[in-house]
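Each of the next two complexes has subunit A plus one more chain, namely subunit B in the first and subunit C in the second.
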Partner chain A sequence: MTRQRAINAIRALLLALLVAAMATTPGFFSAPSIIATLDYASLIGLVAIGMAFITISGNIMSLALSATMATCGEIFLLTSGMGMWTAIAIALAAGVVITGLQGFIIGVIRANPIIVTIAAFALLHGIVSAFTGGARAYPDPGAEYSLLRTRIGMVQAPLAVFIAGAIAAQLVLTFTRFGRNLFLVGSNFRAAEAAGVVTWRTTSIAYCLAGFYTALAGIMAAARYQTADLELGAGYDYEAIAAVLIGGIAIQGGMGSAWRVVIGAVIFAAAGTLLVLRGYSTEMQRLLTGVLIFCVVCLQTGGAKR
Partner chain B sequence: MPMKPPILSVEGISKHFGGIQALSHVSLEIHAGEVLAICGENGAGKSTLVKILMGIYQPDTGSVFSEGKEVKIRNPADGQALGIALVSQELSLAPDLSVADNIWLGSRRVPLFHRRAALRARAADTMAMLGFGGDFIDRPVASLSLAERQLVEIARNLCRDAKVLILDEPTAMLSDREIERTFAAIRRLRAQGTAIVYITHRLGEVFTICDRATVLRNGQVVGSARTSELSRERLVEMMIGRKLENVYPPSKREFGQPLLAVRDLRVPGVVEDIALTVRRGEIVGIAGQIGSGAAEVIRVLAGLVPDSAGRVELGGRPVPLGSRSRMLAAGVAFISEDRGAEGLFLKREVRENLVASRYGEFSRLGLVDWRALGEGAKRLASRVGIDFRRLLHKAEDLSGGNQQKIAFGRCVDPPKPGLVLMNEPTRGVDVGARSDIYAIMRGFCAQGFGLLMHSTDLEELLGMSDVVLTLYRGRLVGRYERDGVELQRVLADITHANRSA
Partner chain C sequence: MNGLRFLQLAGAANVRPFTILALTFAAIAAADLGFGALLHSATIFSVTQLFATLGLAALGLGLTMIVDEFDLSIPGSFTAAGAVAVLTGADNPWLGIACGVATGLAAGAIQGALIVSLGVRAVGLTLGGFLTLIGITYVLTGGSTIAYSNQAVSGWLHQPTLFGLISNRGVVVLAVFLAAAAIMFFTRLGRDIIATGSNRAGAPVAGVNTAAIIIGVFSAAGALAALGGVLLSYSLQAASATQLSDTLVAAASAAILGGVSLSGGKGRALGVAAGVLTICLLRSGLSAIGAKPYTLEIVTGTLLLVVAIFDAPRFLDQMGRLRRWLGQPRR
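Moving on, here comes the complex of A and B:
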């Protein structure tokens, strides 16, 4: 219990540090920086919600979500000539199929989730490069998707999608049989099997949802930049898992909520904005990601050892 | 009688954790050349006491004496220096090393430059004292049985000059033949003047192997007596604080239609040619030692063994093996012997654990009706005697007995009474909760369930079963009706004592 108290103290300290940094950084509480923070939080957050389904299912994380995000962004732009909704549907379906297949393999033959997703990452890279010849994807000249780029007051389209997505994810976790089974499978796979939960199905659905949310992030990012290549999602796996862990979701699986992801994503994005405002490079943000993941994992696993 | 001061004694030891008084004013004496049983239900304070003796916990008040002199055991190293050693269920041997190497592994007594022959001789002497001769010390630990490994662990402590050996549930995982061997070793140790503290749930062993018993209840010593002057009933009464009438509720012997019919069941290399039937209202018990395949038969029928074949009919309808979820849908509940790894979700709430197999009953079109679920969980909890207020606690915070009641709660009141499969239904469950669980099992019979169980606790198996089947090396040996069953016959069957030619 004292360990838990120490963890809480460290958490409070880090949060105080963050708030202090916000207060002393000129311009952090200005509209542009808040908008930028929330915008950044939205894209990370969408991938992080997807990641959270995988983490809760007990499969730690996926290393293929960045590549999936990029692939879905490219697919959205390449099919944008067929109309916005059609393009969205195709990109989402691609995300669900790509990630859901990995979930099926992991769920049915109990393959190591990290290795499967590393293989999927390499496969996606290879296939997409072969298909596009390495060229960037651009939208169809006649494509119309300004809805995805609208902004009402402080709320930009990705933020609206993120909020709606988080609410939907929480509803799925709380009110569906799949959601309840997900917690059981994640907290004790053998016990879930013995209780008659169809574990491969639960795992597969978790990955399908991960693919869905990642594709949403890819679509929103592609619509923003009006172009996409395989680098579109670079780093998002790590940033998403950082957001999941900062939110306090256990890396061992079996617990967590969408709210925690929202909190984690916002804290992570705020820290990133602070670095930018204080004049640090984007490499520093990578460093921050690494440090944060290290800290949280050490704290969590240390706490688990009674 | 004591001519010498006790080798180890404690006086007035108290220890609290938060608001819970784990031990209060506990005093006891451990003598050289004596086997002392420490009895008590789960939560009585046995493990706290052991941890204080080992130097893992510090007592709030009270003193510890070693051979009459007051000592402080501040950490495990102090405990070792006093010659106190614990042999727990988790053994810490290196499987690839030989017995002799394991005995000396990590010992501070071995200098960098030493005579290997001297170490081997000491290891061989110690193993010989425990009943192992010749080249035993050269065998790799991986090739030993569980009982043999346990004895190696004991030898390891003896070679470190242990004077007080604390054995924590040493027979929990052993077969009957292995238990005999362990007992023989304990008797030899006693004759050599080692003091042994014996912790067990199996009351029979208290009388077989122990000289004296000290009973703990709610952190206090209820009494201490020589086992020769103690009856089994009196011991149970001391442990649970009340008289225990007939542990095994009587069978009503109202059997209905055959529920489960199994033919030609086989798992390659494990069981062969198993045929059995379970009628509604009947408890069928499978007796067999560890490794006999008895536990595996239960697992196969639960649908948890992919590599299995056979014809299984439930209520006249054939069901396929190898899928747990399909078996569940056919009305087959399963209670595992390993609550932590397979039985429960210890990190999740009690409520979730209760409904884990039955979200279907509380949801429509894949959506969970939390109101119905909350009421359903309350109903299940009340049926197995779990306090409502604990529904939102984590399962790991409950005692072993209450955890097992959760596992039974999952099977209660299904839309249609079906088959309940059980492996070791009361493992790690204390005496009081045991009788509750037996009552739940008989309650299932009254509702028209059929029950099939395996237990290595033969007294329990014979006490509860209407029909006993005996299994030896994966094959059925005998079948006994409740009236015609004798412990000796069952024992002979499962150890193959009569037939070994």
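Moving on, here comes the complex of A and C:
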């Protein structure tokens, strides 16, 4: 277990470095910076909670959540004339159906999750472009959804949704039969089957929840920018899995929690803010983010050798 | 009965990629309603040009899938190598090729070594590798498109040969495919790669050094993707970080259509070549007969999904269950 100890030491060192960087970067603890960080963390975090259900279920990650987020954002705006709550319900249902179908295919015949979600990504892009003709989606002129854009003190609407969503996800994971089954299916699929768990149902529900949380992120982002296209969610697949891994959820599945996702999302967003405040170019930010994720994957997976 | 025998032959694993290729060709020709756009030499040239662009990335990805892994960093090596070659190969194109391929080789070797030493699956690790390589490309290119000024090289690569059906770049890619097929088929190395993919725990018993095979396969995959990227950048006289962002979808589809099994241990280089040609035929063919751009994404996505379903470990089980439920006798 010396390796585990070494990895823990490196983790602690990285965290200390991060805190030191926060303390020495002027303006990091100013209100605008904190609001921006938490706001960024909320959108990534919502997708990351969804991603975590997939990761915990033993299906590694989805590459279609970015496209799902964009699709649901567009659906929300295009249906916004029907009233805010109706539009929210339609967009959430779309997210659940789109992602749930993938989970069904993966669960029933054990299809490869990476390939299925890559296919879903291509299909979503094609179908949405076919419907919109590639045009951006805008809200209905009379639409009223200012509730989604309110801010009380430091708390913006996405942050409130994120916190509520994280609490709900943790409750589901801890106290429901689905939650118990999810950990079992993710850690040992055969044992779960032998124990009588209906594995395809557990997998399908995990993906439905992933779609639900991703749709929430899409709705909040679309309400924020008041417009959406297929690029709305670009990069969120990677950022969400990064938040999941930074939080310490094992990529091979079977363990994890919602609060780990919250921590991972906040750390990831804080690192992003630091890079901006320190004046790195966009290109350098991309490189450092990539290196960060690479290191996190190496550190994260090292301890949990099967 | 003869018809059935023919169907069995066409559906056999080794022949299936070529059957799919022929069916795709027939389907697009039918959709073309005999206008002949598909058989125009310009269309065929564009198919082989696309083949040259995607082929090596698909071959690299396919190799990692044969050893039962999945290398998400393939598009990263592809893109980064193009930028490296453009920056280093202005005066001496061979130097650019060497530096570009070395970039992919190093990226693959580092990731392969980490996969072996940390004992992890490649998907998560190569995701990090992909983002790092794309980040490197952004820094190298300053976020914009950088130009390659050596006109002689791009002219030669782009020059049509073999009755104007394929460019010199296409011939180079084809030659690499043939070499890979020969290595996979005739050498012990090829057998060892298949053995590693079929049963990684059991292969060492048969004397296979699986760690070396994994590292070697990831290095080769990175180098192949890199060579494809270098040739493309030379040919386009440009490199950028956003070049061909959909490489992964196309390469994965091509490898799977080419008969590479997602559960590892199965796959042939020439099958992958047929898979790549199928994807290229779809792309060029659909645009040649005037289909909307989104048609291609829908067709590719559907194909990928269908193959993923047919390739799934429990597909036959569930079909058998369905058949019993329908009351038909099982074979």
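The definition used in the following text is that the second predicted complex is superposed on the first by the 295 of 306 C-alpha atoms of A that agree within 3 Å, B and C clash if a C-alpha of one lies under 4 Å from a C-alpha of the other, contacts with A are read in each partner's own complex, and residues count from 1 in each chain.
Assume a contact is a pair of C-beta atoms (placed from the backbone, for glycine too) under 8 Å apart; a residue touches a chain by one contact, two chains touch by 3 or more.
Computed from a predicted structure; not experimentally measured.
When both complexes are overlaid on chain A, the residue A:241 reaches subunit C alone and has no touch with subunit B.
Put simply, more of the residues of subunit A are touched by C, taking subunit B and subunit C as the two choices. In the superposition on chain A, A:228 contacts neither subunit B nor subunit C.
Looking at the shared chain after the overlay, A:287 reaches subunit C, while subunit B stays out of its contact range. By the document's definition of touching, of the two partners only subunit B reaches A:196; subunit C does not. Legend: residue contacts after superposition of the two complexes on their common chain; A:90 is shown touching neither subunit B nor subunit C.
Once the two complexes are overlaid on the shared chain, A:181 sits against subunit B while remaining clear of subunit C. Residues of subunit A touching subunit C in their complex: 60-61, 105, 108-112, 114-116, 118-127, 129-130, 134, 238, 241, 245, 251-252, 281-284, 286-291, 293-298, 300-302, 305-306.
Within the complex, the subunit C residues that touch subunit A are 70, 114, 118-121, 123-125, 127-136, 138-139, 141-143, 246, 248-249, 252, 256, 262, 292-302, 304-305, 307-309, 311-315, 317-318. On the subunit B side of its complex with subunit A, the touching residues are 302, 304, 324-325, 327-329, 334, 336, 341-348, 352, 356-357, 359-360, 363, 366-368, 370, 410. For subunit A in complex with subunit B, the residues that touch the partner chain are 174-181, 183-184, 187-188, 190-198, 254-255.
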